[in-house]
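Note that subunit A is present in both complexes that follow, paired respectively with subunit B and with subunit C.
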Partner chain A sequence: MDFAGAYTPDNIKFLLEGFWVTIQVAFVSIILSFIIGGLVGIIRYAKVPVLSQILAMIVETVRNLPLLLIIFFTYFALPEVRIKLEIIPAAIVALTIFESAMLSEVIRSGLKSVDKGQMEAARSSGLSYVQALIHIILPQALRRMVPPIVSQFISLLKDTSLAVVISLPELTHHGQIIYGQSQKFLIPILILVALMYFVVNYSLSIVAQRLELKRT
Partner chain B sequence: MLDFSILTENLDMYLVGFKNTIMSSLIALVASLILGVLVAIMRIAPLKPLNWLGTAYVEIIRNIPLLIITFFFFLGLKLSGIYAGTLALTIYTSSFIAEAIRAGILSVPKGQMEAARSSGLTYGQAMRLVILPQAVKIVIPPLGNQFINLVKNSSILAVVAGLDLMYHGDLISSRTFIVFDVYIFVAAFYLILTIPLSLGVGYLEKRLAKSN
Partner chain C sequence: MIVFDQVNKYYGDFHVLKNINLTINKGEVVVVIGPSGSGKSTLLRCINRLETISEGSLSVNGLNVADKKTDINKLRRNIGMVFQHFHLYPHKTVLENIMLAPKKVLGQTDAEAKKIAQKYLEKVGIADKANSFPSQLSGGQQQRVAIARGLAMGPEIMLFDEPTSALDPEMIGEVLDVMKALAHEGMTMVVVTHEMGFAREVADRIVFMDEGKVLEEAIPAEFYANPREERARLFLSRILNH
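Up next, the complex of A and B:
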């Protein structure tokens, strides 16, 4: 084990560059997933006929598959049906598909947790269903959704590491490149990579906890 | 259209992978349950140093990617892929199970422990005879969810040549030069395991909600 040799400024800079890719990919994916998952969640909450049944099937299928499989499939299998994605878009697409399914459930249960009387009161005071949803139900539900969405983001930051199988240049991959130079760097680099994930994820989990406490 | 001859001609390989995925998941499930219960007890035991140790374990493990933990065992300790993967899965899942169990125990009203203690039971007896039986009911659905995650996460074995379902998919696709169809069947095998589990968890959650 060679800690001094592993922790050179160049190597640390290289790892941080990787971590920046991790954060960017995770961030773009969570935003896209929030939009898509939000739409799916609302459609399923509103029980739009046919569409909500089809979406339920898709969500259940995606949620029950390993993310690793989805990432691998997006990059290696889709070209066989003429959908060719570069590494970074492929990673974002795969993470977004998986995370949208997860978030749609978070959003749907957030909507369901709003008291039924709220909808009834809004409707009977003359708002349309959509108005009631946008002005009365969603604002109340959104506040409850923030902590679970933060924990989904933590999962996503960890899960981005799975994209090493398609050589996404993120933190874990950059770690692999450094310890690929010398076996002596392996443990020091794994420790440092783990520490980087830990610091960011732990801070985020404390934020999520605070938000949860504030609510109750 | 899917080429079903890929499935029939390579069925033996799919089944070997399927069997290994089930084996590895079951072993990791039992081991992570035991470990998770121990850590949960450490976190709530009336002894500060134990609390700290339990908290440190949970917070460190669940904030690090499973892949990194797997690499520690595979590359660092040079275990074979299937052992490294199963061990990493056990440790990773145990931190989530510990949290689920702790939340279940804490959800039992405090008065239960006080009443049990004042009627002469020791802390251990009260925990075993009064608190845990009540906590079990609350804990089962989240544990079911953890088991589903465990089965899905077992695909991490493929990254370290762990002979699981995903890994065998890789073998088959390098033999047939086809990726799309091969992995659709891999996905189907995972769904055979996870869909019944998630239906079961959904059913338990509904029953629990009704009984409250």
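Up next, the complex of A and C:
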């Protein structure tokens, strides 16, 4: 084990560059999957005819596939049908598809957890379904959904490492490049890579805990 | 004002409401009583289409409730509803609970809605709780807020679905007092309740239901002194002599 040799300024800078890609890819995927997952969750909660059945099928399919397969699909299979995505977009698309499906379930069950009487009270006062959803159901559901949504975000951030298979220049991939140079770097680099993931994800879960405490 | 004509309702094979014929006039206070599972709440919930009827016709203020073309939101503005479990919005203050529908549905400004909300909070005797959250109130206070919330829309009809059944015994009185005051002002009210004292004192008419049917309709004095139906007699003896 050669800690000094592994932790040179150049190597650390290289790892941080990889980490920056991880963060960017995760951030864009989180935003996109929150929007898409939110819409899908709401449409399925509202039982919009036809559309919600179609979405249910898609969600169930995606949720039951390994993310790795979806990444292979967006990067290697799509070009076969003339949709060519660069590595970063391919990774973002794959993560977004997968996490949207997961988040839509979190959001749907959050909406469902709001007492039925809330909708009845709102509707019986003359509010439309959409108004009741916006003013009564969603705000209550969102508060309850903070912890599961954040934990979904954390798993998304970790899942970016799977994109190593399409050589996404993210943290895990850059780590591999460094310890590929020498077996002696393997443990030091893996420790540092682990530390980087841990710091960011742990901070996220602390933020989530704070948010949860605030509301009780 | 509210007319049930040969109304039937089924939940799958279960026949919940059987051939209901019932007319409720403007300014009348009708109390619906009967054993649990007799269809009282379902009957009430049909009036503002929280439940849909399967057969027959039901009109409120001349509007056909069952007709898909009827603007249900418009109809509901005119019908306040109070639930057994209050259903206040827990993420909003008392004032916001009351102001929401007048602002969003009637388009009142913040100032207008606030003024009206405060007026009704005073009426139900809890003006000092305007900025509290529902969780900080007792059950009786919450139910009074729910009544104020219903009244703030200026409805012509108020529906009460077992409004005191979830309350501690010592809080029942304060809610019933508000309802009595409302009845004396001439509000059209349909009340599902087990409060026999309230029914006797306030109701213009008692409707007794059992197994989905309206078995008896009578003025309270008559109903309590001499119920015509055997089932009503049994029900009364059980509920009054325990």
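Definition applied: the second predicted complex is superposed on the first by the 208 of 216 C-alpha atoms of A that agree within 3 Å, B and C clash if a C-alpha of one lies under 4 Å from a C-alpha of the other, contacts with A are read in each partner's own complex, and residues count from 1 in each chain.
Just so it is clear, a residue touches a chain if its C-beta (ideal position, glycine included) is under 8 Å from a C-beta of that chain, and two chains touch if they have at least 3 such contacts.
Everything numeric here is computed off the predicted structure, so don't read it as measured data.
Partners subunit B and subunit C, brought together by superposition on subunit A, fit side by side with no clash. Judged by the touch definition given at the top, the superposed model places A:Leu65 against subunit B, while subunit C stays out of reach.
Contact comparison for subunit A: of subunit B and subunit C, B touches the greater number of residues.
Touch criterion met: A:Asp115 reaches subunit C, while subunit B stays clear of it.
Touch criterion met: A:Ser205 reaches subunit B, while subunit C stays clear of it.
Contact with subunit B, but none with subunit C, is seen for A:Leu162 once the two complexes are overlaid on the shared chain. With both structures placed on the common chain, the touch criterion links A:Asn11 to neither subunit B nor subunit C. Of the two partner chains placed around the shared chain by superposition, neither subunit B nor subunit C is touched by A:Ser29.
Of the two partner chains, neither subunit B nor subunit C is touched by A:Gln152. The overlay of the two complexes leaves subunit B and subunit C separated by a minimum Cα distance of 20 Å. If you check the complex, the residues on subunit A that touch subunit B are 60-61, 63-69, 72-73, 76-78, 80-81, 154, 158-159, 161-162, 164-165, 172, 179, 186-187, 190, 193-194, 197-198, 201-202, 205.
Chain contact summary for the complex, subunit A toward subunit C: residues 115, 117-118, 120-128, 131, 135-136, 139-140, 143.
Of all the residues in subunit C, the ones that touch subunit A in their complex are 48, 50, 73-74, 76-77, 79-81, 83, 85, 87-91, 100-101, 104-106, 146, 149-150, 153.
Of all residues in subunit B, only 59-60, 63-68, 71-72, 75-76, 148, 152-156, 158-159, 166, 178-180, 183, 186-187, 190-191, 194-195, 198 touch subunit A in the complex they form.
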